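Multiple structures follow.
Two complexes, one shared chain (chain A), two partners (chain B, chain C).
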Partner chain A sequence: MTTTEFQDPQFGTILRFAMRARQANMFIVLVLALFVGLAFGAIMIIVTQPTLLTSWSHFFHHPGGTIASSFNTVWFAYEQLFQGAVVNFHALRMLIDDPSKANLGIVLGPLSATLTYATPLIVAGLGLAIGFRSSLFNIGGQGQVILGGVLALLVGFSFHMTPVLQVALEMLAAMAGGALLAGFAGVLKAYTGAHEVIVTMMSNYTMIAVLGYLLIQPLFARPGVLDGASKAVGVTGQLPYFFSRINSSLLLNFGFVIALVAVFGVQWFFDRSKTGFELLMVGQNPDAARVAGINSRRSIIICLAFAGCLLGLAGMLELTGVDHFVTPNFGGSYGFDAITVALLGRNKPWGVFFAAIFFGAMFSGGEAMQAFTPTNIQFSLADVIQAVVVFCVATPALLVEVFHLRGGARLVSNNNTGGWV
Partner chain B sequence: MSTASREIVTLNNLRVVSRTRSLAYGITLMGMGLLEIVWYGSTDSKLHTVIQFGYNTATVWPVVSSIWKFILVFAGVGIIAAVVRVRAFPRLARIFATVRGTRTIALLIGAYLLIWPVLLWLGINHGGQLRTMSVDVAYTGYLFGCASIIVGGLTAWKRFDRSSSGILYGGLLVFLLGFLIWVARGSLDLQLTSILASAVAASTFLMFGSLSGTLCERSGVVNIAIEGQFMAGALSSIVFASAFHGTGISMTFALLFAGLFGAFFGWILAVMALRYQANQIIVGVVIVAFCTAMTQFLTTQVLDIHQNLDGSYGLPVWAIPGLSHIPLIGPILFDQNVLVFIGFAAVIIANFALFRTRWGLRVRSVGEKPIASETVGINVVHVRYGAVILGGFIAGVGGAGFTLGPGSPFTFGMTAGYGYIALAIMIFGRWRPYGALMASLLFGFTIALSANLNLYLTQLVIPQQFITALPYLITIAVVSGLVGRIRPPAADGVPFQRH
Partner chain C sequence: MKLELRGITKRFGSLTANSNVSLVVNPGEIHCLLGENGAGKSTLMNILYGLITPDEGQILIDDEVVTIADPKDAVNHGIGMVHQHFMLIPVFSVADNVILGSEPVKPWPVIDYKAATTRLLELAKEYGFEIDDPNATVENLPIGAQQRVEILKALSHDASVLILDEPTAVLTPQETDAFMVILRSLKASGKSIIFITHKLREVLALADVITVMRLGEVVGVTTPAQTDERGLATMMVGRTVNFVVEKVPATPGDVVLEVRDLYVEDARGLTSVKNVSFEVRAGEILAVAGVQGNGQTELVEALTGMRHPSSGSIMLNDVNLAGQSVRHFLNAGVGHVPEDRQRYGLIPSLSISDNLVLDQLDDARFLRRFGRNLKAIKANGAKLRESFDIRSQSEEAPVGALSGGNQQKVVMARELSRELKILICSQPTRGLDVGSIEFMHRQIVDIRDSGVAVIIVSSELDEVVALGDRVAVLYDGEIQAIVPPTTSREEFGLLMAGAGAAKVTL
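This part shows the complex of A and B:
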């Protein structure tokens, strides 16, 4: 692909920019994916609103009114989505008029919620990205998050040490738990050829059952009540909040720093460490790796155990940062969201970081959308938009073809799935 | 044996591996038997389990006069004798030779007629009442425990190959039966026929799902989106049926509609995997994520408000006229909702299509060696498109089994990972429709067991959660090589590029 034609003087500036914009790169693909996702979400909003559907039935009678009312509804929903996720402009204005602590808390609210939700997702997404990079599909995020959370909880309520020591111990316990569960799948994969997708998937459901069992045991259950909630982590085991002085509802905590450290750590692991290089090599060309003398069994187990380590850590961050106790649906959709986060971030550490923040934004924005839109557009619409965005980003070839992007072949990596054994 | 030498598949290595495997299985079975003896044998010897054999009195013939019994038994003996002594009758041999499988079917019919009075006696007694059997729990423990130990010893004795897997499954079945009797000890009746019938009903969607996986993977495309196709089929079918108030014709179209939705997602998978050569597992996972989000959104946004769109309309239950009157087997296999029969038919048709037709040969060759198929003039991409879209259709119809089968409204998350279990079943059945059928019946049994054991929860020592986790644990055991050496289609999951 030569760029000489764009330097041709007969191309005007605007035209040249347009041609540049059609060059396929990840940024353009991301923007287009977001556009497609929002467009699909808009269609879903219009289709599921009875009043809008009636107005569309009178489309030829009143085309302008129909389009205007649809546009208004969609725009209002997306406005709430944005204001709930990033910043509320009315609150900002109030802060400028009256710079008080209370107003500052309201302004920081959406961003804090976004980052709080993103914190475990960053770590979990990093864990899955490690697996994806060496072509291992660890679908068992949920189970590993649960086990990590449960072990961290065990440490959290049984000890009362100095905060730093206890948090460190919780982290260790959670990471060991996640690594054990994922490493088990790795051992099965390495020695019997069991496909990790099915083993980890099944370990999810098993862990959900185990969690349900543990929560009615006297060791974990809240004394006196069997409502399915566990004892709470002791005060010394909780992660400190950043903005608790401004407003106690701002839940952004020290876990975000741990997540940032994890991002740097994983980047170092892939770019600088020998093991990371081996994993990458096994993922990209198993035959070449074997010829080069890399023990594929060892790297499979290490890779999955490391991934599980991070997922367990995600469970610990969720537990000690936000909830402080475990309910039967602990870990919720983190496992699956983390898969899509890793795909959206193209398995690169910083990509995962921003993808997780995008997911956090969609989550907190979605809740605001559900609360403030007149017909209560459900926040699972945000999930739908996310799914479409991830679909477009994970398979860029589609966007490259539909929008006639140039030079898309670079983006499309040829991946062998490689069967089940 | 060193680790390095195990990588190479030699006859000697295979022997060592299969020897180790059979030893491991045998010792496990013997341990289970010992556990059964110690555990069940020590239960209070006064405890009994009442097993109810009859299931649905309306469909069971009340009493058959004794002369008919004798005639039928003689007929059975005659048929079996004819089959066994077939060489003595050259004319019969020729008839048997022309139609494949006639001999097997004749043997089955003859054997059935022979044991038919016994089964009838098991099902109902002279007064037309349901026959029950009272089993002593302690003795059952000793009996089944000893049986498990003997089977374990047999398994450990010889090398593990295809012939010994039958023994292994027999031992597991014996253990499970003993377990069932032990669990249901006490006052409640163990409704064996009812549990088995619900097992067949529970295996419906697994049947469809594993068939879909088999079709797709035989053509070389990994369809991990079965879970998503289940969701799409379940939601669309119940909405369609509810919109037309569940009339007969609307049920038919609801099934078709569910299939079309599944086929749509199959088509998306096919386009991504075949046209753009994306990673098939990633595409599948993303399709599942999309279907999860969409079903959640539509459930909360539309169905919760318009509840008339999410009614409970069940498919009709057909009692096949002659067959459903057969005691024990009739109510289990031939007194089910229509989808079960469609599932049986689909398995038989798929087996015929895959292994007896030109299309099936092409599908299989495309999944094994696409370049060779291309060389002889088969359009690899077209064949794969067809197989994946058809697989999606089948999975979509199977999804209707979640809602229309038992006649329950759609709830978010009702597919509960059965789409992934269907893939494990496909592996268990070694990528063959009949294998998939048998494996899904087995899994259906564990699912029905875990659902039915809640009835006996009051006496249950094992926590309910562990029994819920049983199908999932079995799946892990299955994919990690309990079924022996498995060999997927050679080009499974490998994108095809024309050279």
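This part shows the complex of A and C:
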């Protein structure tokens, strides 16, 4: 593949840089993965636009025109994707020209939306990464998110205390709930050998059913409404917005700080703490851990409980930071997206952090793209790009092969997906 | 088929793994490639098998230059390789494993299992292999039989040159004998064999030609008639090697470990240690001899807390540890050098420093108020790397990248850096080269002289005799006798075959 085949000048430059480097390292792999994802997305845009397809069928009559119109469509779509995810150029220019008139909500809105969507995903991804680094495959993210959300909700609408206290209590309830649910799977694995994948996966269905049941109970259901929504968390139990005083459309909440703390916490846990090191030992070589006197049962339970604790927290952040009430679909695909986030972030805390933000960006950018492109390019395109990027990062061997990267074997063998086998 | 390597050079960064190596293997010859770990034997063979591309040099088959770009080329040229770690699929049958990659089909895509089995049995018959059941699952076979399957697999591709990478490292003495018979029959049928090893005795018994490598270069080509063990060892290491372990007579102190009426069951629930009683005193080495699989593994597991005995007592300084956790044993001062260091002793992906504190995470030296004291752990790694001469780029290098001898040094260094009452070493020098063996033996004798009780479990009689102050011979889970190391080899042989039940010396 040469750079001339590609139409996007910016990525052409980056690619040339990458090709010159040709050293297989994680940064290059990420850039190339993004490039492949966008290139794939470009093809998808072209083949799904009837007008473009027609012009390609007359390619030999107007080759220049065909390429130009395809390029313009793709470029505009990606421009919208970027503006929807990071910053609105138009509003930014206005802000620079005349700061007094500018609308900060429009300038910073996309970034705020990206980070808001990313917040629970960061925490959930960290939770799953903990398991994966210890070779435990926790599939029960969804159930743990639901339980965390439900318990936080219970605290949220039952009390009206000092905000700090109530939020702390919600966090505690959510974390304890997630930890108990996942820890239970840990106990079963440690003492009976029940495989954690089965147990945690079943716990998802259980929690979905529990949620459905609770939502028709008078205690939880919103009075007088039959839409399946729950009561809402009281004002004192909601996570405060950072910038809502500046502009009411900036909805980034305090949960992002909690997520950052969690990133530092998990980083410390694996780098510095004794328990974290023990989990790593058990995950990498359970036999050697046993010889070294590590109690592997204890490690399995601690590991899953800690993972569940973070997933419960993710549920609480979603509930108290965004919607403030639950519906039967609460938690949605967080539990599973988080698996992908952990994989994309290679189970490293900061990797998970940026992977979740990438997911958040594709989400809010995808919405903007669908809304602002003239032919309404579907939101699913963002999913496609996201999927291709994840695919490329998960299989560095592919990129190493296609782009003939040097030192690729090392990168492939260092593929830190312990526990994915 | 005549095989020749001419002027092979391979560099990895600044390291020259092979420097201008030349080698000729004639038809029907057993050619031993001898050298310490890291001498470049495996690199050379991986080049021959197409796994590594050389920087310089040629490969000639029957005096014609050939290119071997990948293992497929090698196989097509009649080169077969049996790796040290078998490349078999454990859950497949013997026949399945042998035909894997060249399945007979009739009609496509149906595999003709009948033809496969017939072919397998023909091959086995041709070379005098014993295959009891071609449909047996490979994972249920003993190691020796698995190795025969590997060899058959290579032969089924019409290999005329077989590369065997340390084939005897995993075999019991009996299996080794059977293996040698196979090699001779292969030779008789005109196959050439390249045999990589560092066991000098086997080399002298088998080889037609011996090529000795050191630091990536060929340092000599000789034959068994021209040399002896001492001569080979000197060539390998580059200096005179001390075969006799130098040690002063033991000065045994108080009883440290007293084992009484110990019974231990193995994973299948069979009693594999029966009625074992012995004691070990401070400052002496008790060696446990015996053919592999006579209860040594379970005995060591019981003595280190890995497996709870079904009855009996393990008194360490008058405290019964039987039934306690591994952590209890470690805290009580039991040091453990496990028999399979890669599986039980180390975590390959972690650094040397981290591996040096695996069982000392609770040690106050390596903890701070919050969490592990990384600085102290690194300093400890640097110190032990220096004093145990662990060859690596730094103490932060992953342990998996080290050679076997250096890995064993890491395990030994870790155990010796704790406060020990007793050190239990299982197969402490398995798979190590002469230089590393000498080093390990020195360490073991030194720790004995410092007043620690030592138990050595080894299936190498030479090692048992060299190290032990007293030797317990284990047969079928029972101690046949505890005898002095000066006992004759014949008598040891009889005891190891179970002839000593009636007679108890000492």
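Please note the rule applied: the second predicted complex is superposed on the first by the 389 of 421 C-alpha atoms of A that agree within 3 Å, B and C clash if a C-alpha of one lies under 4 Å from a C-alpha of the other, contacts with A are read in each partner's own complex, and residues count from 1 in each chain.
Operating definition for what follows: a residue touches a chain if its C-beta (ideal position, glycine included) is under 8 Å from a C-beta of that chain, and two chains touch if they have at least 3 such contacts.
Source: prediction; values computed, not measured.
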Room on chain A for both chain B and chain C (clash or fit): clash
Touched partner set for A:F277, first chain B, second chain C, both or neither: second
Which superposed partner A:N285 touches (first chain B, second chain C, both, neither): second
Touched partner set for A:G293, first chain B, second chain C, both or neither: second
Touched partner set for A:W268, first chain B, second chain C, both or neither: second
Which superposed partner A:M44 touches (first chain B, second chain C, both, neither): first
Chain B or chain C, by number of chain A residues touched: B
Candidates 99-107, 189-197 or 351-359 of chain C: the single one with C-alpha clashes against chain B: 99-107
Residues of chain A at both interfaces, chain B in one complex, chain C in the other: none
List of chain A residues in touch with chain C within their complex: 268, 271-274, 277-278, 280-281, 284-285, 287-293, 295
Touching residues on chain C, where the partner in the complex is chain A: 304, 306, 325-327, 329-331, 336, 338, 343-350, 354, 358-359, 361-362, 367, 370-372, 374
Sites on chain B touched by chain A in the complex: 222, 224, 272, 275-283, 285-287, 289-290, 292-294, 296-298, 300-302, 416-417, 420-421, 423-424, 427, 463, 465-466, 468-469, 472-473, 475-476, 479-481, 486-490, 492-495, 497
Touching residues on chain A, where the partner in the complex is chain B: 44, 48, 137, 139, 188, 192-195, 197-199, 201-206, 209-210, 212-213, 336, 339-340, 343, 377-378, 380-381, 383-384, 386-388, 390-391, 394-395, 397-398, 401, 412, 414-421
